[in-house]
Structure formats: structure tokens, C-alpha cells
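Inspection log for the structure reproduced underneath, given as C-alpha cells.
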Amino acid sequence: MKKSIIFLSFILLFLSVFGSSLTVRIPQNIDFLDPHKAAASGTDEVMFNVFEGLLKPDSQGNLNPAVAENYTISQDGLTFKFFIRKNIKFHDGSYVTPDDVKYSLERLSGLDGGPGYNSAMISTIKSVTADKNDNSVTVILKTADTNFLSNFTKAVIPRHNDQYQNSKPIGTGPFKFISYQPDQNILLEKFKDYWKTGYPKVDKVEFKIISDEQAALLSFMAGNIDIYPRIPAQMLDILGNNIKIISGGQNLVQLMAMNNARKPFDDIRVRQAVNYALNKDEIIELAALGYGTKLGSNMSPVMAKYYQEGLENYYSTNTEKAKELLKEAGYPKGFSTTITVPSVYQFHVDTAQIIVEQLKKVGINAKIELVEWGVWLDRVYAGRDYDTTIIGFTGKLSAYDVLKRYESGYSRNFMNYKSEVFDNMFKKAYAEIDDKISTDLYKELQVILTEDAPAVFIMDPNFIIAMDENIDGYEIYPYYVQDMSTVYFK
Amino acid sequence: MYYYLRKFIAMFFTIIIVTLITFFSFEIIPGDPVLSKLGIDADEAQIASLRAELGLDMPIPVRYIKWVGNILKGDLGESVRFSLPVYDLIKTRLPVTFSLMIISILITLAVGIPLGILSAKYNNRIGGFFINFITQIFLAIPSFWVGIMLIMIFGVILKWFSPGGYVSWSENPAESIKSVILPSVAIALPNIAIVIRYLKNSVLEQMKKDYVRMAYSKGLNSFRVMKNHVIRNAVIPVITVLGMIISSVLAGSLIVEQVFTLPGIGRLLISAIGNRDLPLVEGMILYISFTVLFINFIIDILYKFIDPRIKYD
Amino acid sequence: MKKNFNLIFGLSVIIFLFVFMFISLFHTPYSPTEMNIRERMQPPSAEHIFGTDQFGRDILSRVMEGSQTAFFVGFVAVSIGLIFGTFLGAVSGYFGGITDEIIMRIMDAMLAFPVILFALMFVSVFGVGIKNTIIAIGIMSVPSFARITRSGYIQHKQFDYVKSAKAMGAGPLRIMFLHILPNVISPIIVAASMGFSTAVLSEAGLSYLGLGVLPPSPSWGRMLNESQIYISKAPWFAIIPGIFITLTVLGFNFFGDGLREYADNTEK
């Protein structure tokens, strides 16, 4: 008996010294450690574990209170009052005060005299006041906005760390930031005073930066990585036995965008012809080995509430019809075009190669042009100088954010899609307070997109995660996030 | 003395020209460092604030002069992509590339010199043919393909190591060497061939010389002759190829780091160019051109020192 | 005369590859770009001697088509280097003095700069694609031709035939290219053969980094780039293109050595 106690305490000691440590592969570097300056989704996915806003999204897409314990919204939708969670601490041990929240919101919206980092907040927030007595913060908006709540997921950070936000970031999340080595790793450590008791379950997390898939795979197979998110489907059958694989829709919309303002894609018949020419099933099979969901509009079925069913076969592959439409549009012999693809995304490059072959069959001669990511963003996304391109839109919290891209006035409507019908209905959906009606309108908008065919909506490639079979608790989020707080070793 | 001064000034000018060209070519390069850093989901407010922060609105000549001014103060600036000092970034990557270079040069010399001497000694039909063939193959094989094959054999089939797992020298010296040994082999192969060929010719030339014939006629055995006379004189010219080898190792490491995903200078440079990270690219170009030119300069001096017969006009 | 193994072997390899490429202009067993879901990642077999790739494309057909790329890049890049390099080297060697000094300093600076690095920057400025790859490789091969030509000219401009041509009133251009050039051409041809292999290697390296030839056109380097993530599953995909790169470089290197030997022997 005594011996077993000693033995047990030895094990406990052993565990407490070494702790449980998780290694997760990520493909890219961080843009900013400062959460307000950071914009890349690759940063979000890691720092989701470090920072929290007043509210925090969960894996079902709900907004839950985090730094705020609860909140009230005034009848006119202009005043938001957040009550700060009692005894919630920052990673450095100091308590979160209403003043810190005020500081964070003012920094984001530029009310502190700085540039501001969130344009929605810059244009909408009128004032932020902190009240020490009831531990609350009140935000007053200039105009009512049904969609504004999701902005309060932006990180709350301490005022006293202002100078070091980008070198020693401090938040309230389940993990503390320890270090970042570009091209090597990001180290996080369990935050013992985390407000949600029982979380996180592991002591340390290392996000290992490995850009190359083959190297990541070999590292994973050698046991140097515990979790390998977004593993290419092509690698699954070589993984061996003691590995667990989780797979599901990731709320990404992969599409072939056409420049609606440029000949010949200014003609709806040409865009529809391209839609008829492509075989999405073949693309899914060849590029994703079948691990993908066919789409018909700019919405993934992961957004179950808003997803309009039945659009994915609106343009079932039909070479004859495509040729006919091209003839009507004045291109009986087809035409030549260029597909501009960001070279960093092998998945899109593969897709482009398949599309080139498929377009050949209707007489469209497409050439691939590979550009660096910075060039793509500059020339295609911001400059709108391209014929066609292939890209994936990452998931958003709301249907509004997803469909905003097609509003004619939106600054990043890089497909140059213009439709009065769409714009009007979009405004209506946004202003509608009745959830049922606005949801129906968002569904209607998807139908319009399918009919107008500004792009070919290809698929939502599956989010496939391979992990050590002893790991449990991993949750798939409908947006770019690796939540490590729920993960544990069995 | 005048010769060295002239060389040194030429070196200085080359560096200025190279950095100037880099600076201005970045002005015409398409692509935007700010967008590249922040990605597709960036908020316009974030983009605007970063642009202002980086001072990208100033004209290029002003920025170049500012950059040179800062260099003279010992400040290489800050990387756009990583928001870290360029100096720190280069400093953390340097050991990787450096150990790659040193180990591959050691492998080159350790394999190349004995084989070069042997190939001269056994320069008969079969031996010569064999060595010729081997060196030709070493020269023809692309180093990145050798890398892929080494990964396939040692990583996939034998599972002796896992690529991408670079271990730093301070963490674990043995593991550190292990993680760079295969890439070093991939870089070393063509250089081994160069050393063998060079050394073989040089040894054969020495053997024809009178003093060697004298030694033989005195009745010394061939081993002693080789050891005492020929090799010593034949190895000297190898130093000239060393300069070539060092720059080829540097270029080789550029690609091989990519194959083995080692966090060295080469990979940093490729990603910096891709991200249009001008301060970082300039810092590294400065460093690389300086290293290459300086090594050549040193070898020049060394060579003259060893072999005073060479005269420069 | 001793048999010139290098020349014979090099020439046979080149002829083999050339025939291989020539056939591909008219016929490949399958379409090099056509995809086939059911034939994906097939190991070498009777139908596909070299197997198939991740899209079910026939690797033999792609390697055949890829040889066109290799020959094209090699030929054009060497031509660029040959024309400009010979010209600069001739001018430099014939005139000497400050012209020589300026040209050779530039050439030295270029030699100190790794080819891959230059090509990398060049491609970032002017865009990825076969045209810019060729131009970049061509530019970087100029110095080696210039150096070799220059040393030939320095030697030959003191010879009597040049002096007599000068005395007869021949202009410098005439002397440089009608009188001297034919006499110094053999080392230049040797350098051209070596330059060809360097060009093939550089193209492969750039395409491997994703900066050379664009998909879906097959290039050996590009194929290696695509094959790397499948090395555990489809090793043949990574092995075959590498063998062809090596073979091509080997052929031209042997050929170059053989030519040099031949030239040395005939001189004696």
C-alpha cells in the first residue's frame, strides 16, 4: 500500500515536472503578435488560444461571453453594456479592469488618437466609457447595426502592456504566450488562472512552423508532431494504423473567380458556359481525392442555418450547352484566357491544372500564370487586374460577412460583380431585425449568385486533421482556428 | 599593396552596385509587402496603419540614403514580414547555413583530396575511366534531387531522421550535426568531383617534374615520393578552387535548405523576396555579397602568400 | 589515335535524348496533360513504363515533352550567353585597357553572384515563366564565355596574321570576327557544351522552386517539385525526372570534355 502511494506520487511528480505537451503543425509564420494589428488567418488560428474578446465564438458558431460575463443591448440597438467577469486575470497576474477594456476598444476604433485597426469600429463606435463601480463598459454606436456584436470578439489587452504588445503579448486566453521563432515555432504555456475552470487540459503547446507538406508528414510519422491539421488528402493512406483522423467541412469556399468587368467575362453567357464546362466532381476527386463538398454558391453547408440547398447541381457539366452558350455570346471557336494563381497554394495550382484540361473541351484555351502571394493580393485582389483566378474564401462568423464580398460597393469586390437586385436585397437582409426573414433573404441572395455566375463555386474542401490516437477533445471550428484548450491526452 | 587596395575598392563598389540594384528593382517589382504580410482578410484600417508605420510613402532615393545612413550606424533596419530587427533574423539563421557550409566543405575535402590523389596514382585505363565516370556523375546530379533521394532513403524507407527537424548547436551538438549531415552531402557531391579532377591534374603535373624523377632515380619508393614531394606541392592549387567551392556551397545551400526545410539564410532569402520584404532582402544581399567577395579576396591573398611566383600587374 | 571515350559517350547520350525529344514532337504514348482519375499514381507497368502521377498523367509522356523544355532552355540560354559573351570577350581582349577593365569587373561581379539567386530576383521582377527563366540563365552564362573568349583574343592579337591584317588596313571588327574568331572558336564551343548542362541544371532548380516553367507544361524540375510530397507513395514519380536531368547534364559534360580532348590532340 505504502509502496504504491510512493509510486503514485512519483508518477505525479514526473507528470508535474514534464507535464503534457502538444505539438501542432502550422504552415506559416505569424504576421503580428499584437492582436489588433494582426490580420492573417494563420495568426488567428494560433493566437485564438492566447487572446479573448468580450465575447468569444465557439465551434458551433455561437458568440459566448468571455471577458464579459454578460451584456445588455438597448432597445434602439445603439448602446451595448458589458459587465466584466469577476476576478478575471491577464497572463501577468493583473486583474482585467474596465479601463483595460476601454483601452482595447479605443485602440481598435482609433478613439485613442491612434490610427485604429478595425474599420467597422472606426466608423461606428461613438464612445466607450468605463465604470469602475459596477465593473462595466458601455459602448455607444453612431448608427444601429444588427451585425455589430461579432466585432466584440476582438482581443482585450492590458493598458500597461501598451509598448510590448508586439513583443510580449498578454491576453486572457487559456494559454500564455512564451516565445516565437520565425520559421521554427511558437510556444504557449498553460495559463493557470484561466477563468474557465478545468481548461486548458495540457500544459504546453508548441506550434511548429513547417511550410513543406512532405517534411510535415515525415515529422508527423516520426512522432515529432502530435496534431497535423489540414493534412493533404493524398497523404492519408500512408499514415499507418495508430493514428486518428477527423474530417469535416471547414466553411471555406474554393472558387474560380472571373473578372466580371473584363471581356469576355462581362457576358453572363460566357460565365455560365464556363460553369457548364467544368466538372466539379472530377476536380474534387483529382485535387482533393473526394474529400470535399460540392458547392453551387458562395456558402458552405457548414453554415447550416444560412445554407441554401440544391444549388450545387444548377450547372451540371454539359459540354454541348457550354459550346452553345459560347456561340450565342459570339465565341463559336472559344477564346484564350489566363488563370492567375497564387503559387503558395499547391491546392489551387492543382485545381487550375485540372480546370485547364476541362476548359479545353469547350474550346477555351486557358493559360496558368503563377504569382507570389503578395503579387496576387496587390494585382488581383486589390488591383482587380486579371482574367480569372482560383482562391479560397475562409469562413466568417455571419452570412453578412460571407456575402458582403459581392456587394457592388465593397472595396474588395474584386470580381467586379454588379447587380442592383443583389445590392438591394443585401441591404434588406442586413437591416431586417426578424431573424427568420433575414435568413431567408440570405438564402435568396445565394440563388442570385448562382444564376448570375460571377464565379464558379467549386467546393468546400474538407478539413482533415491527423493526430496521435491518444489525443482526444479536438473540435473543428467553422473558421480558421486551432482551439487547444479542449484537447487532452487519453 | 596597391593591388590589394584596388581590389578592396572594387569590392566596395560591387557591393554598392548590388544593393542599389536590389533597392531599385524592388520599386518596379509587382507585389506589396503590406498586403503580403496581412493577407486576404486584412481590414483596410490595419493596412493603412501599417503603411504609415513603415514609411513606405517616401521616395526611393530618400529611403536608400536613409538605409545606407543607418547601415553606417550599424542598424540594418526592421523586417516588414517579421517585425523583428533584420540583424537578429540573420543572426539566428546564420548558424544553420554556416554549419551546412562548414560540414559540406569538410566532406568535400575529406573525400575529395584522398580520392584525387588516388586517382592520380592509379591513372591507368580502368582506374582513370572509373574516376572520370564517378566525377562526371557527381557533377551532373542536381543537388536538390540528391536531397530528395536522401530523404526518400533515410527519411521514408529507413526512418533514420525526420527532415524539417533542425536542432540548434546549443540544444544538442550531436543531433545538430545529424540534422545537417545529409543536406551537406547533397551540396558536397559536385564539389567533391571538382576537387578530385583538379587535384588529379595537379598531381600528374607534379609527377612529370624533374625533382620527382630525381627522387625516383635516387631509389625512394613511390609512397615516400608521393608523401614528401608531390602531394605537398599539388595541394596548394586546391586553395584556388576553394573560393569557387565556397560560393557554390552558398548557392547550393539556397536550394538544399528548401529541400530539407532547414531554417537557414537561403530559405529566409527566398521567403523575403516572395514577401517583398525589402529591408530583409537588402540585409541579406549585403551579407551574401560581402561574404563571397571577402572570401575571394582572402583566397587571393592566401594564394599569393603561398605561391610568390604569381605576379600581379 | 586513342579512342575518345568522352566524345563518343557524350555524343551517344545527346543523340539518344535528341531522338527522344524529336519523337515527342510528333508522338507521345499518351497526352502529356490529359488527366485520368482511375489511373492515378500507378507504379511502372506495361501500359505506363514510368508509371503515372497524381493526376493519372503518363510520366513517360511528360518526361518526353519535358525534354523539349530542357533542350529549348539549354539552346536559347547558351545562344544568349554565346553571342553576348563572345562579343564582350572579344572587345575586352582585343582592345584591352579601360574597356577591358570595365567589362571584366562587371563579369567578375556577375560570377560572384550565384546563378539561382540572380534568377530568383529576375523572375520576381519580370514574372514567372519560361521566357524569363531563359533570359536570366542566359545573362548569367555571359561571363564564362566572355572570359574564355578574352583570353583567346589576348593571345592571338599578338600573332603575325593579325598584324598583317592590320597592316593591310582591315578594320577592328573585321579582324575580330573574321580573322581571330575562327582561330579561338574551339574553347568557346567546349564552353557552350558545358554551358548547356549548366542551363539545364539551373532551369531544373528554378522550376523545382516553382519559379521556372509554368504548369501544366511538363518540365523535369517542375515534375520533381510536384513529386516531392508523394515520395513515400509514388517514388518513381520523383526518381524518373531526376534521372533524365542527370543524363542530359552528363551527356553534355562528357561531350564537352571529349571536344576539349579532341581539340588538344589535333593541335598537337
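Here are some notes:
Order as written gives the chain letters A, B and C; numbering starts at 1 within each chain.
As a working rule, a residue touches a chain if its C-beta (ideal position, glycine included) is under 8 Å from a C-beta of that chain, and two chains touch if they have at least 3 such contacts.
Computed from a predicted structure; not experimentally measured.
Note: the chain lying farthest from chain C is A, by mean C-alpha position.
No other pair of chains shares as many C-beta contacts as A-B. With centres set at the average Cα position, the gap from chain A to chain B is 40 Å. Averaging Cα coordinates per chain places chain A and chain C 46 Å apart. Chain centres here are Cα averages; for chain B and chain C they lie 22 Å apart.
Counting partner chains per residue, chain B shows two or more touched chains at residues 30-31, 151, 156, 274.
Residue positions of chain A touching 2 or more other chains, listed in rising order: 212, 214, 218, 371-372.
Within chain C, the positions touching two or more other chains are listed as 124, 127, 228, 231-232. Against chain C, in their complex, chain B makes its touches with residues 10, 14, 17-18, 22, 25, 28-31, 129, 132, 136-137, 139-142, 144-145, 148-149, 151-152, 156, 247-248, 250-251, 254-255, 258-259, 269-270, 273-274, 288-289, 292-293, 296. Every residue of chain B that touches chain A in the complex is listed here, in rising order: 30-33, 35-50, 52, 81-84, 89, 92, 151, 155-156, 159, 162-166, 260-261, 263, 267-268, 271, 274-276. Across the interface of their complex, chain A is touched by residues 33-35, 37, 40, 54-56, 124, 127-129, 210, 214-216, 228-233 of chain C. The touching residues of chain C, when paired with chain B in their complex, are 5-6, 105, 108-109, 112-117, 120-121, 124-125, 127, 197, 201, 204-205, 208-209, 224, 227-228, 231-232, 235, 238-239, 242, 245-247, 249-250, 253-254, 257.
Listed in rising order, the residues of chain A touching chain B in the complex are 29, 31-33, 37, 39-42, 110, 114-120, 122, 166, 181-184, 210-212, 214-216, 218-219, 221-222, 224, 344, 371-375, 377-379, 381-382, 391, 393-394, 411.
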